[in-house]
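See below for the structure under consideration.
The chains carry the letters A, B, C and D, assigned in the order they are written, with residues numbered from 1 in each.
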Amino acid sequence: MGKKVEEVPQLKQFREWFDKRHEYAKEWKRENGGKIVGYYCTYCPEEILYAAGVLPVRILGSHEPESITRPYLHDMYCPFCHDTLAQGLQGRYDYLDGVTLAQSCLHMRQSYFSFVDRVPNIQWSYYMHFPHGVNNPHATPYLRWELEKFKSAVEEWTGVTITNKELDKAIEIYNKNRQLMKKVFELRRGEKPPITGLHAMEMVVSSQVVDKKDHNEILESFLEDLKDVEVDRETGTRLILIGSEDDDRSFLELVEYGINYPATFVYEECCTGARYFWDEVRPNEDRLMALAERYVKRIPCPAKDWAAGELIRRRFQHIEKVIKDYNVQGAIIAQMKFCDPHELDIPSLRVLFDKNNVKHLTLELDITQPIGQFRTRVEAFLEALGEEDLFF
Amino acid sequence: MEVKVRPLECWNDFKKYRERYYKNYLEAKDKGGIRWAGSAWAFDAIPHGLGEDVYPLTGEPYGATCAFFHEFSRQCLETIERKGAARDLCGYMRNYWGSIAQNKYLLADGSIVEPFPRPDFNFTIHICCSHAKWYHYAAELENGVPTYAVDISVGPGYLLDDKKINYVVKQLNDAIPWMEKITGREYDDELLIKAVYAEADAMSTWAKICKLNQARPAPLEEKSMFSLYVLNLINRSDPEVAKLYHKLYDEVESRVKRGIGALTHEQFRFFTDNPPPWAFLKVYRYLEKEYAAISLGAIYTFGLGGGWIGMDEKGEKWIWEPAPTPEEAGVEITNREEALRWTAEYNLRYRASWQHEYSHWIRKLETYQMIKDWNADAIIMHINRGCELWNMSTLEVRDYLVKKGIPVATYEGNMADPRDFDEARTFNVIDSFMQSLGIERISEK
Amino acid sequence: MEAIQESEYWKWPETVWVDESKNWKEAEVISCGIDLGSVSSQAVIMLDGELYAYSNLRTGSSSAASSEKALGSILEKIGDMKREDIHYIVGTGYGRVSIPFANKTITEIACHGRGANYIYGPSVRTVLDMGGQDLKAIKVDERGKVVNFLMNDKCAAGTGRGIEVVADLLSIPVTEVGPMSLEVYPDDEPEPVSTTCIVFGKSEILGLMRKGWPTNRILAAFFRAVATRVVELLERVGVEPEFAITGGISKNPGVVTRVQDMLGMKALETEYDPQIAGAIGAALFAKALYEKQTGKR
Amino acid sequence: MIVAGIDAGSKFTKVVLVNENKEIIGTSNVRTGIDHHKTVEEALEEALKAAGISRDEVDKFIATGFGKISVPFADSELTQVVAAGKGTYFVWPKVKTVIEVGAEESRAVKVDENGNIKDFALADKCAAGTGSFVDAMVRYLEVPLEEFGRMSLEAKGNIPMNAQCVIFAESEVVSLLHNNVPKPEISRAIHDAIADRVASIARRVGIEDDVVVIGGLANDVGFVDSLKRELGTEVHVPDKIAPELVPALGAALSGL
């Protein structure tokens, strides 16, 4: 019999990276003497930065109350945007040499520009006009062009010429990371998923803030170790998490560890989950075209997933497949307060879940969560899914 | 100094046009015509090629009309909230959906008819995070109206290049066979070309009219401008609209020459920002009556309907000069490709309100320059909960202007959800602002 | 600055009740449910699944003490029953986790569903629980088991506390605000207060007061807004007959009448106190759990 | 010459009487009742009594506050922003940033070295940063108002609260209570949450020393302490006059 999941050292490593991401970045800089760029949205073509020897790290919130962003961001912009800007204003990202945003929603755009203006020591910033119309056929060649400009800008700033060889290497490392995380996710399809949503989140988020090389190393051994791990927790209700930035540990802990009834996330359809890594770059003589294709064809963010002639949402198609593959019984829709792109999908998403016989619960996330209120909702949700034996 | 005031003569023409517009859309099918719906920002010249009997319904002005009629608006909003739409979503969009969901259609005079006229297709763009999804959801509410949204997220005008423009042109190109398929009609490039000329004419002329408001006394106040600029948002590629704007231009120009102002006494000139709270235009009246304060406009009224040069090539200064029409630019449009390219480029480059959508860097310069060029004393900003696009940058702009020594006041509200507006608070802000600037009430004088 | 004594308009009457006709010593299963809400606490004792006694008190600042008090006041009134005589206790409500002597906790959503089934009968399909801090629309099956539910999250208007705040602002006892608002209903009903956010709404109400609106009209405008919110939530979950209201606000005719009229549907009536529905549900679960534990089922 | 400044607040109505030497000769503070006119009369009566003068001796009445229109006999009205700026500048001439927190409203006013108003910001919707929030919490915690402020100072302060709306903040407090969190910690969490919201408003106009806080909540030592910490700068409470009387004083002074 193998060891218990909680004792697997790689999980501890993920958590440590998650907790000490700023320390890691500073350490990396000391060791490599390289530049670090913070990126705002998961549509950022990290491979290009990586190929130039730059470490891309994702800018995320910290889930602590703050009062410093409201002079710049409207109250009704999403908490994620407030939280990320707050990190910058508080100096937590003082090690960044540059910041970049691959055009995403308006809220994030505002947060990004305020970050660029108001966080000291930012030498370089790049706003990339990433297409929104990822469901139309012209997006890929157009994105290729934007990538080309991005690449030149990075080259100009770093003084490094990004060769095909370096790009290939970066793509390989990134693809590997994607493959490995996907393999970990696939283990969760089974009856007894070895890891929880909390573990998965820490794995994915840590990959966004450390050098993928380091992350791959740990991931490989992690996969090995997971093979003969002893799963002692009761899986309970199999849940899918739908959301955007879902890296608030207190929330995941509540659902998976803090309720009277067992429940486990088996899949996270969010940008701190599967949306980040699910799709790989497919080889192409034209490296930038290969990248463009990957970023256009990946599971879309709701901000980009809309009708261009046909009434389909690609993300929904993916979710439907996941429901079957992962035997999903319930869905928690974690709606970032005031996030329009996600909110606009919710009425139709509910229909989709109903159609597939998946019960769903919508919770509205803020910078910090009202755990007391959430507990009641989640508990009642799980009660409704089970507890048959109290009714006779 | 007492100023002569006189009602605008072509006011009625504009009003009639608007009334006819909503009726035409309603009755299009009776006449065998085509109906389409989409954003006021959509490339509305394109559907013109389907024939002369093609009638649009643009969503934002429609939403604003709903909001103006309080009670109807409330019913729309409540109806759609019951279906699960979140309250913080775009105010126009919620009114629009609510109108569909209730199956009721509002005409410009406030009368309500049933059922809601279903469009043959939706043709829109994706400028904010909502537009394309707005019509996607509307299509679902309407049991699957074919919907096409054009992505225009290629960046501000001064950063445009051929490939960016091409990306948009290709999407427009694809839209034409798509429309042909849906409507079963053959596309007429001549009509498209006519529409494209008309669009630039209408938009550049509106910009010229706005410039006339630099005069002292100002010939127009913003509340009337709302009824004037709107034609460019409902049907700007209709050649009749351009004609009306020329007529208006002549009239306003002659007012300036004769020293006719919008207010009898102009004590204080200010700009506003964002779409106004449509249900509470009395804010403007209050400022006029109590403080003889005139709103000269906003980047909203100027920029949405107007074609402007905008940012200079280096991105360092905003230029409030009317954009050239094809004639002025010495361009001749002879075929579909040229027409699409022209309309794509004109909109991407010269629509003032598309530029600042990318960054407050642009919006700051745009607003500042406007205040300088029109000689305004201050700006009163509507912190508009109803539109996340227009509301983007407002606080950064506020901060910038205050540092530049320009007095700024802000009040919270919602352009299209009357429930988000607090009247007492808003008047309190205005009084505080005026008092802090030492502007006296005229009633106290 | 002197602290000025507040009048406590938000206070509502407390109750302790025992069915004197029953003898608890004859019961096989004595089960208890305690609903520790944010505003009120109820304890219910059932004898073999029949209501025997209950209390309905204001929640204090300590949950443990409030639950002790809720149960203690009943035991005191019964006289000879001790806590140890009770076979099983289920806690519910916001404070359920801090009831020291509960054997198990179950959410108030499940308990209200179950309790409504008991007091209104098995035909109930939609339960509206209007409590102190939240509003819940619950759909249940014929056993009172929750099928689906929704809770308000963006706005606190349709809640007991929201109503208390307004009662305080207008200096009218909370038990009277509802009836008073009906004085102008339906013929003279004003438009709802525009905002349902209680913070913003307060300033609007102050504005109306200053405009010289009579109190009953202000209340009508306020309750209209509350009712709209309530109906919105109900329609989102999908109201199906039969429909019942539980929780404290069910005693407020200003809300109930408007909600019924807007829905075009009458709420079921009962001789029980609908505020104790949650505690009844908890007590019924307690019985089931006790029987499960002792192998009686 | 004697001028009366009348601040008709949503919860309290205050009157300050000044003479031509800018000396305060009488003040009052009365709970605002349903009948606003009556409250104003009462408050005025009390202030006159304190000053030992009769109503005829008052030359001018200047009204301010949310209920300023319920002072029908006022000679003129002053907005709360200007009243706050003027009053504070008088009692604290070095002031640059005024923060006022009353029962239902909070605001920040920026003044220049001559006491002119440069900028101001009012609380947005959903702000829990007001005195009535404290009043409600005090009821939940079942402690006296003074005690509530004081106990906050004893706390360690490691409980974050996400207080957007008063009602939802209340439910957070209830959860804390149910989880047996000590009352001083809860008090501190509440004060921090209010300070957080108030600071958000104040930051819109920019924090510049001296920062002076006025309005009823300035009496709350726990709040002032939290605000200091939040802003990272010294926060002054006027010492010459009760902080909630400052706007009424500002109104009175404007009539001289």
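In the analysis below, contacts are C-beta pairs under 8 Å (C-beta built on N, C-alpha and C of every residue); 3 or more make two chains touch, one makes a residue touch a chain.
These numbers were taken from a predicted model, which means no experiment stands behind them.
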item: Reference subunit C; chain at largest CA-centroid distance; value: B
item: A-C compared against A-B, more contacting pairs; value: A-B
item: Distance from subunit C to subunit A - Cα centre to Cα centre, in angstrom; value: 41
item: Centre distance in Å when subunit C and subunit D are each reduced to the mean of their C-alpha atoms; value: 36
item: Euclidean distance of C-alpha centroids - subunit B vs subunit C, Å; value: 48
item: Residues of subunit B whose C-beta touches two or more other chains; value: 83-84, 86, 88, 383, 385, 395, 420, 422, 424-425
item: Multi-partner residues of subunit A (at least 2 other chains); value: 70-71, 372-373
item: Multi-partner residues of subunit D (at least 2 other chains); value: 66, 124-126, 168, 171, 174-175, 178-179, 204
item: Chain-level touch network, classified as line, ring, star, complete or other; value: complete
item: Interface residues, subunit A side, partner subunit C - complex; value: 260, 359, 363-364, 372-373, 376-377, 379-381, 383-384, 387-392
item: Residue numbers on subunit C that touch subunit D, as the complex places them; value: 1-4, 6, 36, 38, 59-64, 94-95, 97-98, 133-134, 155-156, 159, 161-162, 165, 170-171, 195, 197-200, 202-203, 206, 209-210, 215
item: Touch list for subunit C against partner subunit A, complex; value: 94, 105-110, 134, 143-149, 151, 153-154, 285, 288-289, 292, 297
item: Contacting residues of subunit A [partner subunit D, same complex]; value: 64-68, 70-71, 75, 366-373
item: Complex contact set, residues of subunit A against subunit B; value: 70-74, 76-77, 103, 105-107, 109-110, 113-114, 117, 127, 129-133, 136-139, 141-142, 145, 302-303, 306-309, 311, 313, 337-338, 340-341, 343-348, 350
